[in-house]
Amino acid sequence: MGQRESTGRQRWAYLGPEGTFTEQASRALAERLTGPIDLAPAGSVSLALDEVRTGRADAACVAMESSVEGAVPVTQDELTHGEPLLITAEAYVPVTFDLLVRPGTDRSAIRTVGAHPHGHAQIRGWLAAELPAAEAVMTASNAAAAAAVAAGELDAAAAAPVAGSRYGLQTLVADVGEVRDAVTRFVLLRRPDRPPAPTGNDRTSLVLSVGNHPGSLLTVLGEFASRGINLTRLESRPTRSRMGVYYFLVDADGHLNDPAMADVVAALIRRQALLRWLGSYPRAAGVNEVTADFATPDAYRQADDQVRRWQRGG
Amino acid sequence: MGQRESTGRQRWAYLGPEGTFTEQASRALAERLTGPIDLAPAGSVSLALDEVRTGRADAACVAMESSVEGAVPVTQDELTHGEPLLITAEAYVPVTFDLLVRPGTDRSAIRTVGAHPHGHAQIRGWLAAELPAAEAVMTASNAAAAAAVAAGELDAAAAAPVAGSRYGLQTLVADVGEVRDAVTRFVLLRRPDRPPAPTGNDRTSLVLSVGNHPGSLLTVLGEFASRGINLTRLESRPTRSRMGVYYFLVDADGHLNDPAMADVVAALIRRQALLRWLGSYPRAAGVNEVTADFATPDAYRQADDQVRRWQRGG
Amino acid sequence: MGQRESTGRQRWAYLGPEGTFTEQASRALAERLTGPIDLAPAGSVSLALDEVRTGRADAACVAMESSVEGAVPVTQDELTHGEPLLITAEAYVPVTFDLLVRPGTDRSAIRTVGAHPHGHAQIRGWLAAELPAAEAVMTASNAAAAAAVAAGELDAAAAAPVAGSRYGLQTLVADVGEVRDAVTRFVLLRRPDRPPAPTGNDRTSLVLSVGNHPGSLLTVLGEFASRGINLTRLESRPTRSRMGVYYFLVDADGHLNDPAMADVVAALIRRQALLRWLGSYPRAAGVNEVTADFATPDAYRQADDQVRRWQRGG
Amino acid sequence: MGQRESTGRQRWAYLGPEGTFTEQASRALAERLTGPIDLAPAGSVSLALDEVRTGRADAACVAMESSVEGAVPVTQDELTHGEPLLITAEAYVPVTFDLLVRPGTDRSAIRTVGAHPHGHAQIRGWLAAELPAAEAVMTASNAAAAAAVAAGELDAAAAAPVAGSRYGLQTLVADVGEVRDAVTRFVLLRRPDRPPAPTGNDRTSLVLSVGNHPGSLLTVLGEFASRGINLTRLESRPTRSRMGVYYFLVDADGHLNDPAMADVVAALIRRQALLRWLGSYPRAAGVNEVTADFATPDAYRQADDQVRRWQRGG
């Protein structure tokens, strides 16, 4: 800690190994927010977050959701059930897969292709058409497959372009993934503290715990709608305890310091529907819906003033 | 004014003449609230209210609604459009009609029966069956009919029992009205000031101005429902300007000093749906619905505290 | 009956006496719908409706609501509680009050002015300013006041212009009412039968019976909103049995033969919220809201066809 | 095909290899529904479904959701985007992981433990505590790990108990998974046809496509609520095309042949919110909520009859 303070550099944990999309996202966030940082790869999302919780790192950068696969389960579960952390920033990284080989490798020599099972799901079509004889080998991450190629254990890896330069590999074929315009959203997590100041284009993330009886999700969504709050994301997660009972991971336009957002968060607390406030932070993509007339800070202030005047007989 | 202050007696206006249900209601309210008062009959509801607005009276007692006829139009219109006054108390008076005659009058001698047209609507059946030959004479009020009987201008009047004693008449037949258990609700109006302190069993009266587009009443009613506020009355009134556009006169369980009621009133103000707050005052009949867990003052305080802690990073 | 059939003329009852706004409305409706009719004045709204119920008249024309006073209580109560009749047409009549006198009467000679109490409510301001010394005399109807003027019993009457010609009176001052653009809506009632064919610009009238518990009106209004049905009128009426319990008189855009309206009416029946269907008939003023895409007859037919195909495995 | 017909045995595809939870579910379903079947392992969920689509198999059994991980992405995507199939039955299988070894293997000899990454997620805790030195090896499925143990390529596998008997392995430690009471829900898919007859305790599965504007999910959920239809599952899936746009996978109490369900499905079609009806089939766990009075078949039939009588003037 002392060292970091003297150098002024922050230390961020991320899901390693080196060469992952997460490293790319971390560097993009650091450039935007703080300038140079020390990046520390961790063996898993949970280990990266523990670095922050224990104070060994200032922040952790982890994948939150993919436009193809949806929520990243381990991140969701950590944010929902682990020791609380706050989202303070987000970044979007386009997800493309290159077929990486050791320099000089010929396509005809490829007998094994490594990737994480999710990566394999993305290149299955390409592989069946172009390298039907190659064996698909599962690895713990796409970057691990690249490392295995560098070590001579595999012939090729499907991985992020950044992994190629990291492990001294060559891109044999670029962009072999099936889904065009795939993108992953990363978040930067810190220990709970005052949220970043509102910018006018912010997002608030919440975990809702919605009762099992009919209409309860309807009621909770009504709390947002009646305050003009737009939801940009609503994903269910099973509760782990009982099939058919869900948490909902919600992203909403606005900052907890906006009166309308503070109002809806208080309403969710009163209804015992808010499991966690996960943070309020600047949006990195898109802009908030225009705030309805009845939900602006001015509308709130004027209404509150009027009610207080009537209560006092003024 | 000086005189009232020296005697300590309040002066209340009411819709006269003497001998009306309104006088009865005024006396009941005075007994409950203030002790002896000076009661000043006024020629109309509007004149009674003007006594208060100009400061010549401390309060006015007027009929608000009847279990048979619904809202009293002139009272509703005065509360909606006139110079603002606040409801500070309410009283319920059972409405019964006696057939009143000069002492000694025989039933066979009755050729004319006076009453306000509303009164006649109540006794039409009885009259057709029992005095089919008698002529129904319309008067400006039932008490005016009683006065006309006393003056010898009519043979009988259908009026409140109190009118009999007031004008020296005799009850020939009691309770000739058609509707059993008819009751009228009266309210006591004062110049705007701090509302009476909450008692735990209060009512709040509002005038809503609901836009003409589909779903707008639905939205407004949703504001009450989502805060657990029970409505005991919802009456529409035409706006006077355009057929098909309505105000809604609403009574709701709770006091403006209750957080849930303050919350819904603020929401109505923000939506420009609140034309007027008409007052918060103790209920004189019935008890409030049990407050939902999510709408208690404690639930509000705890949720507000939590949001503030998060905003400050505490 | 035989005579009517041979002449082809219908017999309609209306609230008399002659010279009322209702007579005006009846003549306008007859002209639009049937050609010449025999008009039979009745002594009350209830008596006019009984003429139809017993078959002595083919139809009855009665006032339904006024832009100033709102619903006409006796009409509402008859439609809600009386032996069922159906609305088959509507008409709007502008309501203006003329001050009518015997020909040659001078303004200075007016000592008494007759009108129904509702009429007096409309001219109170004019009378106070222009004839402050005149006595306001209540009569059973404005036309009755005109008749009394013709008979020499009163000096002047505030009544419909048509009453002047009917009783040989002269208009001393035109349009003495307080509310500009006042208009009354009249309806033509017949014995229950197939409703008039849809015209594409129809109205459906309903009486809702909404339970007393919180949210029940909200639920019922949601049935209309979710089917894109626009309400042009929503008026509450006390139930006569218990203060705080209401019926709601509703006018909605559309015809019972439209699938969306049939759908919402069926939903109200299932919820035991429909006390009565009062009829579906052409609108005489204004045009329906544009039907939402999801509520058109085509949308209904296609969706029903699809569901049936799935059910059959087709 | 001829062969199957002559033997009367059906051929079902499932996600192999042999020894998976899916095989267990298939056998349980066959026992309940059809008697002996020929089970054909397929290399992936997609290949299993293609067997049905091309007519080579009568049905396919695949995992739909896990109480721990939520929806199975590939199944959801196939049901949402692939050539349509219908769910005709469901089964629940408890998910437990045994640590499987070759007979005679000692715990101290375990250097590598194979499992699918999801399986590793379940045993991570146990492994860290009990076999901290063992290497976690990712395989394409847990059963593939068991096969690799049998082949001598790995020392141990975490897999379903059924995999032990299938591959001649021994359970060294039973139930090493982290989540108690984990259960997976499997569904049986067939080519589109008439759904199984209603049993009174059925489930209907749907894919909703909910517009991106605020309140659209609220509106769609309101269609279910207003018809008394209980949802037992609501899971979001990204649309693959745009971050922030979701499909919703919904399970609801009831059968498409129930009037209330047919009604809500038609409403979803009209709103262009129904991407797919995935089938109506008997529930294998739990019982439906009691149907509200206003949503029973009787309530529907009576209301429809009444509306038709009114339309005809009957």
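Letters A, B, C and D mark the chains as written, and numbering starts fresh at 1 in each.
One rule holds in what follows: a contact is a pair of C-beta atoms (placed from the backbone, for glycine too) under 8 Å apart; a residue touches a chain by one contact, two chains touch by 3 or more.
These figures come from a predicted structure and were not determined experimentally.
Trainee: If we look at subunit A and subunit D, which chains touch each of them?
Mentor: Shared contacts of subunit A and subunit D: no chain.
Trainee: So which one's got more C-beta contacts, B-C or A-B?
Mentor: B-C
Trainee: Over half of interface residue numbers shared between subunit C and subunit D means same, under half means different, so which is it?
Mentor: Since more than half of the residue numbers are used by both chains, the interface counts as same.
Trainee: How many angstrom lie between the centres of subunit A and subunit B, each centre taken as the mean Cα position?
Mentor: 59
Trainee: Per the centroid of Cα atoms for each chain, what is the distance between subunit B and subunit C, given in Å?
Mentor: The separation of the two C-alpha centroids amounts to 27 Å.
Trainee: Going by the touch rule set out above, which residues of subunit D reach two or more other chains?
Mentor: In subunit D, 222 touch at least two other chains.
Trainee: Which two-chain combinations touch?
Mentor: A-B, A-D, B-C, C-D
Trainee: Can you check the complex and tell me which residues of subunit B touch subunit C?
Mentor: 65-70, 73-74, 92, 116-117, 121, 136, 138-140, 179, 181, 183, 185, 214-215, 217-218, 221-222, 224-225, 228-238, 240-244, 246, 285-286, 289
Trainee: Using the touch definition up top, name the residues of subunit D that touch subunit C in the complex.
Mentor: 192-195, 219, 222-223, 226, 256-257, 262, 265-267, 269-272, 277, 293-295, 299-300, 302-304, 306-307, 310-313
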